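Listed after this line are the structures, all set down as structure tokens.
In the two complexes that follow, chain A is the common piece, with chain B as its partner first and chain C second.
Our next item is the complex of A and B:
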């Protein structure tokens, strides 16, 4: 497959250089009129800048690569006196989340973060935080789970916590990571929601690669994100209890209120993204980023940082006349079933690019395929669905691998079927 | 007329020490009726005394344990102050977060009251076993909060299982006696409070108290509250159900634990230990052991072993009153 692009090597190299960011990325937000200081920031740097502007009160840290840099930057801001924050060194990720839980329950805007096995170590505390309706924000710089030690980026860490009632989504550039940090706090702190948020970005590909980020003025951030108002804060002047035991007959009712909070986030996300667009002059679509989908017959469905490379691959394949597009969900939780069903029903074939693994799951693919397949269930004429297992162990998904996916999808769209429910990228020549 | 709470939120004042039981009894009840603890429950009494001493400018945290499950029913909790459940694992971490939140909010002008006293009321499992890491971290970071270990020497909420505080020789559902293991529990308990002192040089005040000595207990709680930084109090809290005694024997058994040297009342302040119970002679441990069903299977040689352990403990405290094994 890579053969036919051999003559384009120079061009691909040029594009790749452009992708490192000094140049405008050249697509979807070219029309934006962002105003502010232009900085060259990694994904972690972008989040740290946004946290400073969000005036967080408490941060709890524990070192694990690759997210650690965000905490290093926050600690520098605190040391220089640029950010008035209680910076607490957690005794582990479990403690980190406990600290953030307590801080949020006491009315503070709290931040924490982790990666890989660290995300898993805190597993016990995710449900108590969302059940307590504490709007903590957690940065996840994705990292492959052990064994063995692997610094690469896979989404399995964060996706394993997807059912703990946290708002969750991925940024695909440092600029989006900056913007999501502000948007997530506003969504999670909305009285109709009051839920914690997982602000995810791919380890290394986003956390460590600097790109252009336009940092808006503090005045605009203050206009967008008001101070946290949490009426159920632990306060001796207004005594109340958090988290007493339930009797039979109460559990399902309480669980329903948490479901309502998550489902209630849909209109809030719509409002918040519109408000963000109008204040910062951006053009985000709330739930889904569509790239060259207008006349597309088949699409890649992809979440996170690899979508950035995929967009370049799609440009190249479009030049060859292939009718391919890209659908990128901006939120994994809540999952915008109806919006996605409406969009996906228009295509003949869909390839879900999985940068996670769900061992032994239906279709022998990853976690997103399960969600997409369920979404498609309500469509009368279902597109062909397959999965591409790529980027596992933190491997780069190369342009030629996206070209391969394009070829598989083109064939699937033409024939109305695929040979496999999951293609392992990098193994397909074996 | 201003209430005590209003005074406290206007300017943080030290809680005065109590001279006698009458002064103590006259204080407001913060731990109020409406719970489901057993008759003769020692931990419930520990809670009541701690809350009375703590007063209204307080926040209580309840890591999972019998004092969570037996006390709370949804929409009904028996505290007249803010209370929050934490996981059994992370009482110290949540207290750290609350303490940090108040530091930041008061400094940034986002909260108008004064700093509250934050109490983690953890069982011995939530303190010395699964909760040890979070407890240690809270104290190491010296957050302004009080760690209370109410020690009933077992995992009681789950139906009496062994914990690191369960004494040698005790029956629990995980350490039943049998021909192969005649003494039931074979391990010696952790020396929790002294261990925490050894680990944490920043720790300014630590106390060990018993529900059978209420004024002593309440004053120790108040001294904890008056510390700026972390403080720790370890309270022996007798459990009639788990220990196999009658519900009217709780206070008597608590007294005997102290009188036999099985449990030491002490304070650690200004880097010095002081012992509040120093009699002319300690009673033999057999008097304590024979009252409790959990020790009913023990043979004289086991009693002798426990007596030796207690004598060594007293010697280490500098209390040179040897007791002969009976």
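Our next item is the complex of A and C:
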């Protein structure tokens, strides 16, 4: 953990625990005090509106389902003259990210996005962007890779890029997608950070299903998100170099500064989220949202859209007297190890709901299981950990499937052990 | 137990992509104005850029928060709308229909004449079949892609055929009040005529 973050740990934890049991932003819209125009928007629509209000300078596009709708909206906004944006169509995702990289290096607020195999095709360019400390924002509408290659959501595409030093997190409602867009730009553009951000949302579940979104006033957005100030931007009148070829003896310095930037994001995220809450009258906790965890003995650990359905399932299981809760990380990178370790140490059993597949990895589950298991390593009395492989291929996780997970966790909490490290939802023999 | 009404509208790709969606949008907006919880969405697997290939548009209207929001399809719809009647010749549009359901078709024909395209199993479940000359009432079929692929529709909702269909569905099912549908559709006259002129054959 970064030094600055250590001082703030207690405070952040207190803030997080305070949120216990509250229905988080964008879920129970009636209990919120937000002010603004209420619209029915999909996650894509919400992001497009947020980008317009963030007054982005350059957008680089290449079509692929399901994220395309956001670019459709942006191009229409540009055509109607509502948004003064340089709209550049890439020749592929690799070129698309290159365009965003160049724009950001020149000091522009740049936006790009992709889905599924498109995210992978741009793989080479992620590290140069974060290495150049260019605060590009990328929207990822999750889609399966090939195979199965369908339009459904798996997080494998975005999670495969998790170690490229991009800020990364998932929205679980269109409202959160709107809010994240603004928050991510401010985090990434903070001089202590200067890192690109992946603003992820589940394909179809969040990208294509409209929910209520409160669009705030431009005045509030301007107050929250100042214009980008990027030092050493490329300028023909003041030539300088970016991303030079280094000698082996110079590389470690660059890597160490990048680590510092990522770890330095912890206090920035905390500040930005608090600032967002005070300006927009919302209730976000910086790193982890807890749902009905107040006296929970076992919890589901879910990143992304399925947390929306899980909350209803938890309500029903609670009615039956089950002591179940939901832990939802708002950021995957940086991973809030200490905050999560403190929260997770209170439970007897944890079930990570994986919507990705880490073939051959430790415990043969998904990528989040690895992160959670590592987080638990520093706790003396470790809770039982298992994983639920669900939603693969973009399959919807139904309420009864969450009930099944609840039963498995209740048993694991009671017995202090679990039969399997991963349960495949819908399969009874794997 | 929450009572949720599921509506599936069958339309043709490109030509009726927006009008089909508008049927759902007008109905959900009307229901929302009455305090219902609503959801209107496209079928994710149908590719709406294929001309005249059938597409499905969905709506869910409930008296409580909709918990199955993420399910891709309405597997057990209560109301079926058919914006292009010839689709019924090739596809069992009523598959999965709940008992006591409604079928509303855009056609100049009498409802009795179209009943033969509904298989026996589904026919038994129908409470009423109805026809409305939606194309006669509102000949406009606006082709606008702004609302496709999860993006926000920036054109007016319910300008043409979709308004008449939505009015007819409200009249047949009693799901939402006449005033609400009229208020939700950009073409108020078409919605009103759809509501008033729909021909209903009650089956049980």
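Operating definition for what follows: the second predicted complex is superposed on the first by the 394 of 430 C-alpha atoms of A that agree within 3 Å, B and C clash if a C-alpha of one lies under 4 Å from a C-alpha of the other, contacts with A are read in each partner's own complex, and residues count from 1 in each chain.
Convention: a residue touches a chain if its C-beta (ideal position, glycine included) is under 8 Å from a C-beta of that chain, and two chains touch if they have at least 3 such contacts.
These figures come from a predicted structure and were not determined experimentally.
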For A:399, using the defined touch cut-off, is the partner it touches chain B, chain C, both, or neither? Pick first, second, both or neither. second
Return first, second, both or neither, reflecting whether A:69 touches chain B, chain C, both chains, or no partner chain. second
Please indicate which partner A:108 is in contact with in the superposed arrangement: first for chain B, second for chain C, both, or neither. first
State whether chain B or chain C is in contact with more residues of chain A in the superposed arrangement. B
Which partner chains sit in contact with A:125 here, chain B, chain C, both or neither? Use first/second/both/neither. first
Answer with first, second, both or neither: which of chain B and chain C does A:247 touch in the superposed model? first
Within the complex, chain C is touched by chain A residues 39-45, 48-49, 65-66, 68-70, 72-73, 76, 151, 204-205, 207-211, 305-306, 308-309, 312, 396-399
Which residues of chain B touch chain A once you look at their complex with the stated criterion? 5, 9, 56-59, 61, 68-69, 72-77, 79-87, 89-90, 92-105, 107-108, 110-111, 113, 116, 133-134, 136-137, 140-141
Under the stated contact criterion, what part of chain A meets chain B in this complex? 57-58, 60, 84-86, 88-92, 94-108, 110, 124-125, 128, 132, 227, 234-247, 250, 254
Chain C - residues contacting chain A, complex: 39-42, 44-45, 65, 67-72, 145-146, 148-152, 154
